[in-house]
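Next up, some structures in structure tokens.
Note that subunit A is present in both complexes that follow, paired respectively with subunit B and with subunit C.
Entry: the complex of A and B
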């Protein structure tokens, strides 16, 4: 009888659990309350999304603004789906994929009460893509495919491209592309650097420099019923312990960037059911870049040996316990349809499933190159998560083939300077993007003369040719094949760099925060319109 | 005295210029610049044209002597510049943070004085008794414990105690409000940092008070006072303590000046938006203008505090005369 009783008890518990979960997932959003969250930064340099690149700007100001299109707020994990924010419906491209015509909503008002029209949308986009003299747009290079932007009437914006490309829509969904009021920009193109006035779900209430920023509900918001919150307060706190204790002590409900596994475990242990965890692969990663201008890294055998020595498949799960990294991937974010499968990865150097075989080959290559006693310096950024963890792990892996590496950890400024000036042997670089846009995101592996932030300083016409072919291909199957060819050439044939396991985003929030879903980037889904508080 | 003060203030000018030159050179020895950090620290694509435009705007391409000359001239005309990071006037950036640091510094100093001088004196008077041993252990523990660690531990303690007693973890607010707008909330925010900083500060002061008192108590004039039949209270307060306080006042002055810009980790642990935190941000962001201004502020505070301490000397010891 005993086993049967246990079975019934288990079934009963399962049923209770289902009943408990079912109503929760079907819960109707509640109105009211103020969301308090932390921004793990000191303060944004300015409020101008067009100019800035830091998440501190997006986390502080995205709730005040509208964008043309975006990742779906209810399914931000999707890497291929985009939905309208200010447009009426997602357009079908015409003219062989070279023309996108957006119809703009007519019910949108700026927070000052004036009507938002296609002229505002067109003007903001023109400033992002073709910044006038004296102004800065940080993302001009994302829109090299755009030939011109036209506003034929108050309800229409037309993007004309030089060539059809799958990179365009993801680039258009960039979360920094706030729509500003044309009239204000015409008077002062720098106005938005220090002021806030948009058409988003929240109206600006106050800003205390370096301390906090507050917003209140926009009653005229065009997505009917939203936002659910009465307001929000974002508190700047760069120290992780403060943020963790703040969530534990309920001084803040969450932070949106990501905590390391140790902080998650601590919070879950201490706060129990008062917190919930969401996690996701992150469209960010560390890349090990070899300085091709320095010997012996100009020798592909040495680069390949260093790549073969790293046991990604066993290293990633071990590292994921202490650092915010997890998934092994190639040059494309693992969640994208253009990403290599495990079987495809295993064909390339650095991903061989038999690590002993790979290390034997690495030793052979080093011997052949006359570098059996190789020693070098690994330049790394003075950031714990995950840079220093990844750097230390790599050194251990290289030691297993007899390579001795000294890690030089430097602050952000000197780290950039070392990469840009080419004053390093090998560096732990980073590639951190917002919307998953494989075509643009993989530009990092191009030669420096094509892509200035490719710090390996190599010349490789073949990789440019393969990249161009992939970029201009719009058929998904053919593009995937072209991406594979580019990836194999970059990582396997030329061993230009090592892609270390992708970062892993862990968000711990108070359990009363509902409606928010994690995305593969800490830049995305930050307008807070769909968040509500169950308390 | 007036002439002395003016002379000291004038002598501060070369000190300030020296400090300015030093910080100017040191900041420019750090590789990289604010524009690159600003445009690329997120790990995303760096727009080279934007970086160059930023450098041009901030005058980073100008020859160094020209930049230094401009910096000095601006200071002489009380133009402290604009933050290279935020674009806000440096006066605004510092003005927002100074009250926080000043409040912590004043409160920590008060805590230190109230703890250190009585306990240090008692410890000296009761030398080698159990009371002396307790005070010395307290003092050594205070010196050996970093205030940031004490800060974290005190926060964890508050969270744990409230969790186990009330079932809900509580911690002080983390968004600073000024004393004048909400005194109770302000005090609940600054109490813990002031106590943790004040404790370390009092430990150092306590040991100095004790040793200075012990030295003075062995002086001939104390013996003479006792031989004259003066009551012990007057001997201690009027003759011993007043003389023993000379080095203590110097220490308090130096520590106070240090607290204005030196509470880097404590401010981070308690999320206080003060000068120390701003200092770290400015250096990390390679915001030369703001870093220079902060160094000059701290130097000026040191100069003024030293002057105040020197003037206090004359009050404490009538033999000291300034002319």
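Entry: the complex of A and C
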């Protein structure tokens, strides 16, 4: 009986293998073609990934560059898995989690034909973590744990940390951390702001300001067989209607940032099976920031009242029908193990399940603070999805406790100026991150002196203390508890800001686009190497 | 030779030049309606708009700024006569309150821009010489920009909001008014009573404001009616472009912007009704302005 069972088992396994292989072979990537996609912006501020934080840069330039490690292109939604791009294999940390030694591939060439070595990798990373005077690195705060970066030889890069932390590898997989050529940077540290030359799957072909950027296949790409496309053309269009029309008319295959539900419904209705939809929670959301330097927002009672007035639980499902927001969450991305549960959220101001009780308390607090007839200006960004929807919703919620708010909508530049200059009462800010890395993503809620992109302009040593305790904790359970303490202090005790429902990413693509998978960030998985066209 | 005496019955009665002045106001209104039926339609539209704006708190059945997530994008019906928008707000109520915004911006910009243009235009004609030459060249520069482009530039500098939109639309209207008024004022300047006033030692301000301005009021009023329509259209355009009045303030252009792009096929009423309101308002003011010109201009009055 035993051999017979084994035979059946072998036959079963063979059958399963055939079934598994059959669809895979049917979906074998095809070569050729040009992917045309839309970028929902007028132009990137510069091409330099180290300096910029916008999708307009990463959507336009990621296909030209390599990075050290990244999220897996075939599973970019993973929040715990990272794979090598330029390294040979993912290193095991040594020295109590404080040293990471990366072996660098030896078969990588820049697009100008020169060899990429560990010196280039180490130099780029040193500029990202320790930017030289006169240069800007937008992500310095992510690498606060890095003590030094060494390049002992042409094939090795060593990261030495001040302390072991789970936040390091996700931070290292940031998609903006392009590897530049050291020789070029030594001559001109600003060269990459206006020029493109990397080692990624595509070589730069052309750029027409405000129009499009084009790339052609890199025949020397080190991930053998990739890229599948002959090239790509990315068209800039900040008007949503233009982008939707482009996809509907097949003038473009897709856009990678995300469309609102109405646009999805329209495209699906009109294009039917010619389009496919992928959606995902988005590690991105609007937060309401109070200017603590302006009265009466220096009064926690006023901030708390404004928080209590907002009905998140009923607002989120309704808004999700018209705007690209969906999930109610605290300071941590809801998909993360470190995120608060619904029961935990409901304990904090702004999430009470009984909204009438919350609003009664809000009115009481305003009266106590002498602000029964509170009026203020809400500064917002001139971007429909979802900024203006969120702003209008909030104004309606605050009106229900007798607060009158005038919305001041400004373009992106003045919006940043207002936040950085502190020339606002209350602002609809945003906290958008790439790799889901709550330990670092929640830095936005720290005081400005610790986290420069925090615009509330408050000092709060207790917040810093709680945050540091959380970041240094490596035990998952204890870290989760520490995160709760930091979150409760931020949102409930001090009411530093209001976290509005997290964005929801909806990507509509022509159905011939294959190989691309959605992730919780519009910054991730943008090198296009694994995309192919089933035409 | 026979001299025939004309039959008294065939003789036209001598025209009483002061007859118009002696007519009762009701008679004047009746004559206006009879002679200017389209203008009357325009006037009725303007009056309805004005009343809607002035009485909006009593006319509107709902709070125009209140979101109602249980009634999002409802089609026109018994409860919401013109339907609801994407945030569940009653479109009829927003249109009624929107009339207030349109009238406020339209009349404020037209009156302020018109009055400044009137004074500057008459002053330019009165002083003449270098002042007139330089001032007219400045006007040439300003008038080289289309109204909406200049308004966009002003909004870009001052920012958005009702007051700033009024300023943005007022500024481009000033040169347009000044140029037309100056042409009329040049003729007035040559009339002897202006010389007489000067000879009597009246100040320039008195001559301009008391003796010249009242004599160019007729073309000014016609211009003013046209300006109101232009200002309403400019406000709607700025709001549509996201540079005018901001949410949740009810304004027709803003309502159009919110609905036209995303819901044109699924909830067309969101864009159709504000669009109709803009068309009706501008058409009404335009028709009334034309009729007013015909009624005031003596060359056209008896056509």
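Please note the rule applied: the second predicted complex is superposed on the first by the 504 of 535 C-alpha atoms of A that agree within 3 Å, B and C clash if a C-alpha of one lies under 4 Å from a C-alpha of the other, contacts with A are read in each partner's own complex, and residues count from 1 in each chain.
The rule is simple: a contact is a pair of C-beta atoms (placed from the backbone, for glycine too) under 8 Å apart; a residue touches a chain by one contact, two chains touch by 3 or more.
Owing to the predicted nature of the structure, the values given are computational and were not obtained by experimental measurement.
Using the contact criterion defined above for the overlaid structures, shared-chain residue A:216 touches neither subunit B nor subunit C, since it reaches no partner.
Touch criterion met: A:420 reaches subunit B, while subunit C stays clear of it.
More subunit A residues lie in contact with B than with the other chain of the pair subunit B and subunit C. Touch criterion met: A:315 reaches subunit C, while subunit B stays clear of it.
Contacts of A:393 after superposition: subunit C is touched, whereas subunit B is not reached. In the superposition on chain A, contact of A:409 is made with subunit C only, not with subunit B.
Applying the stated contact rule after C-alpha superposition, one finds that A:260 touches subunit C and leaves subunit B untouched.
When the two complexes are overlaid on their common chain A, residue A:276 makes contact with neither subunit B nor subunit C.
Of the two partner chains placed by superposition, subunit B and subunit C are both touched by A:241. Residues 239, 241 of subunit A lie in contact with subunit B in one complex and with subunit C in the other. Within the complex formed with subunit A, the residues of subunit B that make contact are 30-33, 36-50, 53-54, 85-88, 92-93, 96-97, 152, 155-156, 159, 163, 168-171, 173-176, 268-271, 273, 277-278, 281, 284, 286.
On subunit A, the positions that touch subunit B within their shared complex are 42-43, 45-46, 51-55, 136-142, 193-194, 208-212, 233, 235-239, 241-242, 245-246, 248-252, 270-271, 284, 411-418, 420-421, 430-434, 440, 443, 452-453. Residues of subunit A touching subunit C in their complex: 239-241, 260, 262-263, 265-266, 314-315, 318, 321-322, 382, 388-389, 391-393, 395-396, 399, 406-410. Only residues 65-67, 69, 72, 86-88, 159-161, 242, 246-248, 261-263, 265-266 of subunit C touch subunit A when the two sit together in their complex.
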